[in-house]
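Below are two complexes that have subunit A in common, paired first with subunit B and then with subunit C.
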Partner chain A sequence: MKTAMKKNWWRYLLTVAILLLYLAPFYILIGVAFKMPSDPSSRWILPNYIYLDNFAKALEGRILQGMQGSLIITLCSVSLIICVGALAAYPLARNKSKLNKAVRGFILGVMMVPPLSILVPIYSVMKVINGISTYYGMVLLLLTFQLPLSIFIYSNFIASIPTALDEAACIDGCGPFRTFISIILPQLAPVTASVAILTGVTCWNDYQFSLYILQKPQIASVTLAVSDFFAQTSSNVFAAAAAALLGLLPIAVLFLLLQKHFIKGMVDSAIK
Partner chain B sequence: MTQRTRAIMNLFYLPALLLFAVFVVYPFFEGIRISFTNWNGYLPNYRYVGFANYRRLLTDPYFSSVFWNTILYGFGCTLLQNVLGMGLALFMDTKFRGRGVLRAVVYLPAMIAPLIMGYVMFFVFQFSGGALNDIMLLFGGERVDWLAVPGRTVTIIVIVNTLQYVGVAMVIFLAGLQNIPAMYTEAAHIDGVGSWGMFRYITFPLLMPAITSSVILNLIGGLKLFDIIRALTPPSPSTGAASLSTYLTYQYANVERAGYSAVLGIVTFVFILIVSNLTMWFFDRREAQML
Partner chain C sequence: MKRLLSIGLILALALTALPAITLGDGVTLNVWTNMTGVVNETFAEVCREFTAETGINIDYAAPANDYEALMKTKMATEDLPDVFSTHGWSVIRYSSFLRPLNDQLWFGDISEVIIPLITDDDGNIFVLPVDIDIAGIVYNRDILAEVGVDVDDIVTWTDFAAVCELVKEAGYIPVYLGGKDDWTIGQFFDWVAPSFFVTNEAENDRDALIDGTFDWNKWGALADMFADWNQRGFLNVDAATSDYATCTTELGLGNVAFEFFGNYAIVDANKAGPANLGMMPIPAYFEGDTPTLIAGERLAMGVWKDSKHPEEALQFINFLARPEIMSKLASANGALAGFESVESDTGAVAGDFEKYADVRTFPYFDRIYLPNGMWNDLCATGLGILNGSMSTEAIVDYMRESYLEKMDLL
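Up next, the complex of A and B:
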């Protein structure tokens, strides 16, 4: 053991260095969030007293409202991303045709294009369907732009399910829809977790859509609520730090609890 | 499969394609129409101005820096994330204590909203009282206004984005490394291949599919960069750190030139499609050569 430690000393040194680099910003954030605004000490020094007023100020803002909004938006978006994505993935994985090649290329294109590049006309469409400052407006946009990822993950997975199963169902008189529901769908559970986590994180963290779609103060997302504190001049960076800490806490805790699933989700999306 | 089954199966595309039609295809063409108008984005009246918005592109003093920044964000982040991600993955491919913690800590920021991560970094780079300036003072240096010089701001944003997302490349490469059959490395080891040779001739070629995925993913992410830029700099392009995404939203929301913003949108759209497809084509070819 001792020799192993000696041989590996540079590994431990590097590990500690990387950990310090990565944890420093969070350490600083926590320090600022718990400090009295009148405390002139350095960002590197944690306060030696307990002071929670920054959090009280942060909660006076839209933080809770934002969390509620993001939760509703994320749950609705992810459910639809799963249903619509799995459905579209089935023909994409099973039919080998010219149409499919075109659909695949098109979906890949949607994945690459930044939604902000069509912000002006998207905003006009949203106005027409009365989607401005509504949850469904947000859900429709997040759904549309997260669908490609969901379709690709599902179709890669369905392609690995033997077609013999579909054919057997077909012979037994099942139509494609019955086959999809009773043969394919039950097998999608593990990959559905990946899709849900991956797209869920993106929906929860969204800023680009909520910034332009959620115009009324009554409806907010987490990011929008946190950005309130940074936009109102930097007069109270302490409350802003508390707001940022509250904003990142839910997803950080969830990640630390479900780490394996989060990482598997990432790998599923990247490796074909 | 019969023709009929196929036809029914294609119906499964409908919900997805309907969404794409309404929120991607129609807006794209509507954007082209708006690009020929002087619409301000909210009043109902506007008129068609021909190619005026396109001509503005050529005289816009900010456009070249915005375009160049977008390239820097795209390729700078991609290069750094993949090189560092590869290093981290190779480092963590052996068993040692603390490996699990390290992986979790490096991957954690990728789960946090980029806007909020940007705000967190604001406390580090802030001029008065910023954590980095405290270190400067500690070592007898002067305070630096880190985010005041355009070129430096771009570099800082690239670094912040890289630190946040290097975990993604790392995780992809780690999974790739674990998929390499042990017999290859063992055989090479018996043949007396050194560690560089092992990487160059065994690990790297076998990781090529993972590298392709990671590069494309990071490139798309970097070219689209928006939240971090907005967190660390004001919306105005005068900061010198604007990307195509932040600049076109600035023209739309702050200057109220919807027509010109639509032109910038088309440029962004076309540019990113071309760059991503070229990169993908390049990597697919490399992959084919190596196998």
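Up next, the complex of A and C:
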């Protein structure tokens, strides 16, 4: 054991370095969130006192409203992304026709389009369907831009499930839909956790669409609520840090709950 | 369990159909401003007063830093708020989207200082100027007293540099910039450029800048002056990486003599400490020219010409034009009110406004004399000087090329 450690010391060093790199923003975030605005000390120094007024200021803002909005948007978007993604991926994975190949290529192509490059047409469509400042407008947009990822992951995973299962179901009298629901869907649990986490985090953290679509002050997302604390001449980075800390809690808890499935899904995808 | 989950999902989906909540029934106006902090809160309060009085609801939004980006998208999709602030661009950028307001009863009350800045070539005005942004250089009275300088003796940039030398020797930072917020650098050039190219009646480039014939080699003198200040240690050592918040903190703590910001910086500086701050005019570049002040829109509100509720929008504008409302909003901004007859509380600089009442005012340089989009060039070239990546020649070439391209002259 000790020899292995000695031999691989650089790997441990690299791991620690990467870990520090990832933890540094959280370290600064926590430090700033508990620091008094008049404290001129470096952001790298944790305060030796607990100052909760930043959280009070964060709560006076729109952070709770933002968390509620993000929860509704994320829940609905992820549910639809999973349902529609899995349903769309099944025929694409099983029926390897030229048309399906083209469809898969098109879906992958959509993933390459930077959403902000088509902002004006998107905004115009949202205006026509009265989607501005509504949750359904946001859900539709996130669904549109996250669906390709979901279809890509699901179709790769389904392609790795032996077709013998489908054939057996067919012999037992199942149609394609029943086969999907009864045979394929139960196999998708680990990869669904991956899709839920990857798209859920994106939906929760979305800023670009929220900024343009959620324009009325009564409707907000977590990111918009945090950005309220930043202005050209009157920013409050301390309250913003407290709001960000509150805002990342739900998604962090979700990740911790689902991480077992997430890792299994990643490993299974890699093996199969 | 599955049924519960299904019901939960259906309920959540149903929630998404909820539109934004509005208070009460009837007409709802969308009102947007670029205001932040106290002014934003005061404006929200005024909106509530309007709703209480008229029964007309207001959806008030103030997207702060994102205001300009959002407004550009809204202009592109022709979906503007019913009433919105024009942040200095009522004529050049927004006039084609706004309803002229010359027919309003208060038209004749608008201050003489602001009226040329909000009037187009046909004599139309498109906004109600709630207050007027009159700005000079913010300075620390105590530091100047300590080094034995009377602020009114600073007439030219040569005088200013001599004072900076004294301030530096006394152990203070002469000029503080926050390059991480690069607008603080762009603003320096916006403040100083008029003295080089606009304010001198005997020799100026007003017409050349507008018609595209400006000789950009002249810009080198301005770039050189900035580089010289940096080299002589008149700027904070972290000018390229500091930020606006630090600028005002240092100002409030009494460590800095001069900053090139509007009077809002005094309000922010006072949060850090009770420094004795004032406003002085911007020195001249040419011998024989006199110091000047910058004037422009601050809170100026216009009505979207295609608003579905034009009557109600005008009613709101007229509500803002009431002396007591205008005074309240102008005081929150620490600025002069948009009407001659309306008084406002201008705080620490009230005496300075009185003292410099006869000083000539000029508009923000980039708003009038540079084509749309060159603001970023002011910020970028300034940063280039600070981090040593751009020589004067490179800056002149960069500015010339950008100017000609944006004027469609390339």
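One rule holds for everything that comes next: the second predicted complex is superposed on the first by the 213 of 272 C-alpha atoms of A that agree within 3 Å, B and C clash if a C-alpha of one lies under 4 Å from a C-alpha of the other, contacts with A are read in each partner's own complex, and residues count from 1 in each chain.
We adopt the following convention: a residue touches a chain if its C-beta (ideal position, glycine included) is under 8 Å from a C-beta of that chain, and two chains touch if they have at least 3 such contacts.
Being a predicted model, the structure only gives us computed values, none of them experimental.
In the superposed arrangement, does A:V120 touch subunit B (first), subunit C (second), both or neither?
both
Is A:V237 touching anything from subunit B or subunit C once the two structures are fitted on A? First, second, both or neither.
In the superposition, A:V237 contacts both subunit B and subunit C.
Contact-wise, after the overlay, does A:A189 reach subunit B, subunit C, both or neither (first, second, both, neither)?
A:A189: touches no partner chain.
Looking at the overlay, what does A:S227 touch: subunit B (first), subunit C (second), both, or neither?
both
Please indicate which partner A:M111 is in contact with in the superposed arrangement: first for subunit B, second for subunit C, both, or neither.
After superposition on chain A, A:M111 lies in contact with subunit B alone.
When the two structures are overlaid on chain A, which partner does A:N95 contact: first (subunit B), second (subunit C), both, or neither?
first
If you count the residues of subunit A that each partner touches, which comes out higher, subunit B or subunit C?
The partner that reaches more residues of subunit A in the superposed model: B.
Which partner chains sit in contact with A:I171 here, subunit B, subunit C, both or neither? Use first/second/both/neither.
A:I171 sits against neither subunit B nor subunit C.
Which partner does A:Q215 contact after superposing on A: first (subunit B), second (subunit C), both, neither?
After superposition on chain A, A:Q215 lies in contact with subunit C alone.
Where does A:T134 make contact in the superposed view: on subunit B (first), on subunit C (second), on both, or on neither?
Second partner only, subunit C.
Counting contacts the way the document defines them, which residues of subunit A are shared by the two interfaces, the one with subunit B and the one with subunit C?
Shared contact residues on subunit A: 119-120, 123-124, 212, 227, 230, 237.
Tell me, which parts of subunit A touch subunit B in their complex?
Per the touch definition, subunit A meets subunit B at residues 8, 11-12, 14-15, 18-19, 21-26, 28-29, 32, 42-44, 84-85, 87-88, 90-92, 94-95, 97, 99, 103, 106-107, 109-114, 116-125, 140-141, 143-145, 147, 151, 170, 175-177, 180, 201, 204-208, 212, 222-223, 226-227, 230, 237, 240-241, 244, 247-248, 251-252, 255-256, 259, 262-263, 266-267, 270-272.
Which residues of subunit C touch subunit A in their complex?
By the definition above, subunit C touches subunit A via 9, 12-13, 15-22, 36-37, 59-61, 63-66, 69-70, 73, 76-77, 79, 181, 183, 244-245, 249, 264-265, 268, 272.
Note which residues of subunit B are touching subunit A in the complex, please.
1, 5-6, 8-10, 12-13, 15-17, 19-20, 22-24, 26-28, 30-31, 34, 41, 88, 91, 94, 96-99, 101-109, 111-117, 119-124, 126, 129-131, 134-135, 163, 168, 171-172, 175-176, 209-210, 213-214, 217, 220, 223-224, 226-227, 230-231, 244-245, 248-249, 252-253, 258, 261-262, 264-266, 268-269, 272-273, 276-277
Where on subunit A is subunit C touching in the complex?
38, 40, 72-73, 75-76, 79, 119-120, 123-124, 127, 132-136, 138-139, 211-212, 215-219, 227-228, 230-235, 237
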